[in-house]
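Below you'll find the structure, written out as structure tokens, and then a few comments.
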Amino acid sequence: MDKELQEIIKKLLAEKKVDWAIGYEKAYDELSTRPAFVQDANDTARLIFNKYCINNLGLYLTKFKKNKLAVVCKGCDIATVFELIKEKQFSRENVVVIGVACEGVLDKKTGKQLEKCENCRVKQPKGADFTVGTGKDSAAPKNFLDVVEFEKKSSKEKAEFWNRQFEKCIRCYACRNVCPVCYCPDCFANRTMPEYLNKNVDAEENKLFHMIRMQHVFGRCTDCKACDTACPVNIPLTLLTKKLAKDAKELFNYESGADMDVLPPLSTYNEADSESDIL
Amino acid sequence: MKYELQLKNIAEGFRKDVENLSQQKISNCYQCGKCSAGCPVAYAMDYPPSMIMRMVQLGMHDQVMSSNTSWYCVSCETCTTRCPREIDIAKVMDTLKIMAQAGSYKLSENEIPIFDWIFLKSIELTGKIYELGLIGAYNLLSLHPLKDIYPMGLKMIIKGKINFIPHLFYNPSELIKNIRMFKLIRKKDRERIYEKNA
Amino acid sequence: MESKVKEINIVGFLCNWCSYAGADMTGLGRNIYPSNIKVIRIPCTGRMDPMMIIEAFHNGADGVLVSGCHPGDCHYTEGNFYWRRRYPHLKSLLEHFGVDRRRFHASWVSASEGKKFAEVVKKVYAEVKDWKDNG
Amino acid sequence: MLKVAYFPGCSLSSTAKEYDISTRLVCEDLEIDLVEIPDWICCGATTAHITSELTAAALPAKSLVWAEKQGLNITSPCSACFSRLKMAHLHIEKDPKLKKEVEEVIGEKYNGKTEVMHLTRILIEQYGIENIKAKIKKELKGLKIACYYGCLMTRPAEVCVNDRVENPMLMDNLVKALGAEPVKWYYKTECCGAGFSLTKTEIARKLSGDILKEAKDCGADLVMVACPLCHSNLDARQPEIAKLIKTELNIPVLYFTQVLGLALGYNSMDLMLNKHFINPKPLLKAKGIL
Amino acid sequence: MARIGVFVCHCGTNISGVVDVSRVAKYAESLPGVKVAVDYKFMCSDPGQNTIIDAIKTHNLDRIVVSACSPRMHELTFRNTLERAGLNPYMVEMANIREHVSWVHSDNKELATEKAMKLMEMSVSKVRRSEVLTKMFAPIEKRALVIGGGIAGIQAALDIAAAGYKVVLVEKESSIGGRMAQLDKTFPTLDCSACILTPKMVAVSQDKNITLLTYAEVTEVSGFIGQFEVKIKKKAKSVNSKCIGCGVCVTKCPNKKSLSDFDGRLGPRKAIYTLFPQAVPNVPVIDRETCTFFLTGKCKICEKVCPTSAVDYTQQDELITEKFGAVVVATGFDIYDHSSYGEYGYGEIKDVISSLQFERLISSSGPTEGHVVRPSDQKEVKNVVFIQCVGSRDESKKRPYCSRVCCMYTAKQAMLLKDHYPETQSYVFYIDIRAAGKNYEEFVQRAQNDYGVVYLRGRVSKIYERGNKLLVKGADTLSGAQVEIEADLVVLANGLEPRKGAKEFSQLFHMSSDQYGFYNELHPKLAPVETAISGVFVAGCCQSPKDIPDTVAMASATAAKVCAIFAKEKMEVEPLIAGVNQLTCSGCETCYNVCPYSAIEMKDKEVKRGEVRHVAEVLESVCKGCGVCVGACYSKAVDLKGFSERQILSQVETATMPITNS
């Protein structure tokens, strides 16, 4: 499988179809991988794909967007690429998507498979230019059981829960930095005019940061779990990103990255939109 | 003119009492007279309905209570149906009757309260109306012992239209339940009226 | 525990063309409503940046009301349609973070609905008070 | 098959037995299942609502609760009972405080799920004029009928579902379907003074007299009613009224179920036509219906 | 550091009666940046404004907060004040402590004062973040559109044309004239309606500045003051411009199946018709829904008899698009349809007629040539009952308002009837007589004293049809008596209501309307002909019921307003529009997608030296300042002048802060 992947990229680079290829390579131990950026057709041998390739390489597309790129994508990462294309961060012609079949990736800290891989319906990538390997999609659709369970709590319990979580937050912004759709040139969190966010690190300010970030990525977040995995203090951000996915689906029947022709939910409207709850 | 308006009565909440008990906005009446125009018994009333509404607005408590108007209301609801201000005038008339009976006014009318009392007593004790008892008791108490006996009453009996034996509950526990219910209602009613009058 | 009237703080965002004018109409009709609402004038509910609402709650507002033109009446044709999409999503998200649903409301109040505006504020006040008193 | 809870009411078990019998006959013929409410108590009629609001709501509520439990709609041929049931239903629905009190007093919950319909609506609207037409055995040709609706089944407007308050047509349509001719008159919904029948009889006499006279003037052969109170005023008091207004009246007053029964082929004994004070048989014989 | 002045208005006692204004001013002084705070009786008065100007000069102020009434009322006034004082006019903010405080919180003066302080503080916070803005100008298309060819539209068009500007008058019927053309005589002078209207109609047709589009409707509107773009559908008349109005076609047309709406459906109307004899333009139209030729393909009689071959069956509807600088809406009214009154016979009793039908009956150009006869049997009448307030002052019919003209026209009709038929007797049932107008009360008195009309104070409960008479059952509440009248004819005084489709029409312009559908004026007293949409004015009964003199006055007022716009070289537009900070724009095109005016352009642009990025740019002349883009932008790169993120955020922060040291 790695061989096939390497050959495809080698060819793309050799034929000058792309300037850079973004893939995975082995890192410091057997359980670690890291992004690899390849410019030379003869340098492709280090590219690999295995169950520890947890990163969403879509993140790097916005950083390299002046070049023609090839990117190795798990099925789930492709949604990110499409979402970014929809947001005009680069054009489809400038990206070669190399889909890799994936049987689920593991969190090396726990050794367990990520929760999102359980009911994955894109183990066999869809919409890629090249596909390597074959995967078997899950029959069951994505479930939101944990979100539904959490929603049942009273608002007081919810607030207390998040306060506890965000007390841990050190505002390292890792979640933002690994988020493929957090590509704003100047994040609101850094602004001073107006100062949306106090620079103090305390539970309330941290919560404010996360609330605004979540609002900003609504309808764009593909629930790729990059932020959740990156968080050094284990804040369950997945509970938030999944909520976004659930709301987008339930309120506007929208799935990020699924359909290239549909505008993000907040960029459009329908005259027949629900009026319930409006006084 | 017969009356002089007592300005303090206007403020003293007779209108509010009637409004609260009937849940009708009497201040909304603008005296168009449509109720009086259509009332089939207005000819027999001391004051036509629209005038009663005005008198309630102005707090003319004694005149309203001593007039026969509400007692002559036959509850045909013609006024209610046609009122352009959406006031349920028939219900206001009911309320006035209820207030009159609960209060200590000299009723301009005793036939109807007597009839109602017997009527409801009959329901309390038998669950249904016992016509013969009803008519008999009513005639006795209203001092017209022979009213309607001849020829109509007699003919009714001949035609088998009137039962001699009252209906009874098949199940005695139902009877007890019924009497208990009436007791509870009376208690609640007292609370209701006193609460409003207080 | 009964909270004091004074302690309840509601921020209202009213669109200039319908709801702000409607609130002016409330004044012309002398309809009394709770004084807890502090109104911020915005050109259109489409201008309503969700961040501002999050900031309002963050800063300690007990309730937020956003009010605009009825659908189809927007001065800018379609601004309120965009708001109508942001509102349910934002409400749901805020609720997820523990902002009770009784604290955040939206309404349509036209320039002639002075009475309705008073009713809306009373309703929002009652809901926020209910949240404050009963959790 | 239509199935409804049946509330006959006090009058139908005494002064208006013929209405009860003809109702049951006709419904059996049309295969409408009338389930009589066991141990129903009086609706409170014209007295409860002027004595206490709570009594007026609590008495019918017992029957409403029973019907609701059975999952049935409720009907009564008597307009007074119908009106009390319907008004109780509406008042309880509108006034949560009253609802609470009523539930306390009767010791049961009422959810407002049952619909109260007058028997005319059950037969003419729910069962359907066309279906009735199909069952007619004898057309009532040549009979001029004044349909009299009275107050209680038409007013207030909330009660008068699917028909006009001021000029109801429900029974007129039935009469037309039966082959008879509905008389165009304007006293359809005037009050007969039923509430005062026993107490202020002079008023009942005057009002009923106006109605009978108008019916006569408009050329009606008979008056058709759907209420035992109207009937006793128009029929049993007719001789007194005639004497009072010094006019020959002699208009038979029939229940609509009796008229319908005639068209369905029942004879005068079945329908207990002999119970009426004004004997309808000569008229019906003259028209060739009996 | 900003130098802010705060001015608190008493508004007589409107504000000071509830709010402790001196406490508000005192609190203002304690706020950072506030150099001076004063309260004054009437801030908007000349001395009030001069106080502001003086304060600006003495304290060297650069920003102003006025705590007074609604900014919708006086924001412009105070912007001008600042300009006169040499400041940028956009450096003023208003705190609305009248409509939003004193008038609505009079139940608790303490809380009201605290709220007033807070609102003032919020405005101080906002003005502290205000920026200098420069005025913008836009071109004006000096052509007016008048919609509706009734007396209001006619008057407005004539007045605007007289000032030398071009006018397009659009009327949906085949002739102008409107409701007034249906009337016989007018109150309180009893002069003939046609005699005073027809000369005006002719003047319209002869005015070189007026283009008359009859049988036409406005279908789409876009743009804004100075630059409205309007689509007008000209329905096919099937008669072209060669027509000389001889009327032969109408006479010869064999198809008279339909009833004339103009005549209140009391008489027939041909398939080819003019509305009435004095129609302007006097060109007939073919109603394609009833014309035999259009239904069956046979007939063509009108084509054969036409001496100028003006009949053209092939004509098609035509859609034209025109530009206008201002619009006058004068779409008029309908009368209330009394078929919802069951007690008056559900509109089915033939001899119970509407007031407009009576006008047609008694008009000599009407279907009976002026003979008042019963529609049921064409017999003459003796006793006539008039019932007022049908569809007016009736909550149960959702028409609680007074229609203002019915008392007067009922008196007029009763008098006309007596004039024509001295042996008749009229009875009028009324609730209150509302005759507020010059010579109006005298007119109603004359009806009672000189014409013997019997006025009975009460609403009619029911009309019974008895034989060929109508039995009217009413009451006279003054005497407390019930009344029964045997009448030959009953005339209902139908109230006025908005035209059917008024609501949909108002949405074309995004005008607001009240719950009945009457269009809302901008201010009930001080801007009675303006609407919330600048450049769109309303005249006549589409705004509320009114009589002819009021309508004409209102129409002339709209004309003055239109001329005032056209007299300017260029249109001043508020610079409260969006702007993009391209350094922070991420080029996601969200703003581009949501902009209702397509005022955002996406460009590849060098934003930093050597860095070309895909970014948004606002087209300043197109942007209307709605701010939808600001609400949608994640990167916080778009902002709205006058309602910037900094301003609103500071308002939010202030609003949620407790009042200090109060």
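Letters A, B, C, D and E name the chains as they come in the text, with residue numbers starting at 1 for each one.
Rule of thumb we're sticking to: a contact is a pair of C-beta atoms (placed from the backbone, for glycine too) under 8 Å apart; a residue touches a chain by one contact, two chains touch by 3 or more.
Being a predicted model, the structure only gives us computed values, none of them experimental.
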> Using direct touches as single steps, what is the fewest number of steps from chain A over to chain B?
Replying inline: 2
> When you check each chain against chain B and chain C, which touch both of them?
Replying inline: E
> Of all chains present, which has the mean Cα position farthest from that of chain D?
Replying inline: A
>> Please tell me whether B-D or B-E has the greater number of C-beta pairs in contact.
In response: B-D
>> Rounded to a whole Å, what is the gap between the Cα centroids of chain C and chain D?
In response: 53
>> How many angstrom lie between the centres of chain C and chain E, each centre taken as the mean Cα position?
In response: 29
>> Two-or-more-chain contact residues of chain E, please, as numbers and ranges.
In response: 343, 462, 594, 632, 636, 645, 649
> Got the chain C residues that touch at least 2 other chains?
Replying inline: 50-51, 55, 78, 82, 86
> Which residues does chain B have that touch at least 2 chains other than itself?
Replying inline: 78
> Among the chains present, which pairs are found to touch?
Replying inline: A-C, A-E, B-D, B-E, C-E, D-E
> Okay, in this complex, where on chain D does chain E touch?
Replying inline: 164-167, 184, 186-187
> Tell me, which parts of chain B touch chain E in their complex?
Replying inline: 28, 30-39, 42-43, 47-48, 50-51, 78, 82-86
> Touching chain B in the complex: which residues of chain E?
Replying inline: 343, 389, 393-397, 431, 457-462, 473-477, 480, 482-483
> Contact residues on chain D for chain B in the complex?
Replying inline: 10-11, 13-17, 39-42, 44-55, 58-59, 95, 101, 104-107, 151, 155-157, 165, 189-191, 193-196, 198-201, 203, 207, 236-237, 239-240, 274-275, 277
> Hey, which residues of chain C end up touching chain A in the complex?
Replying inline: 50-51, 54-55, 58, 71, 78, 81-82, 84-101, 105-108, 120, 123-124, 135
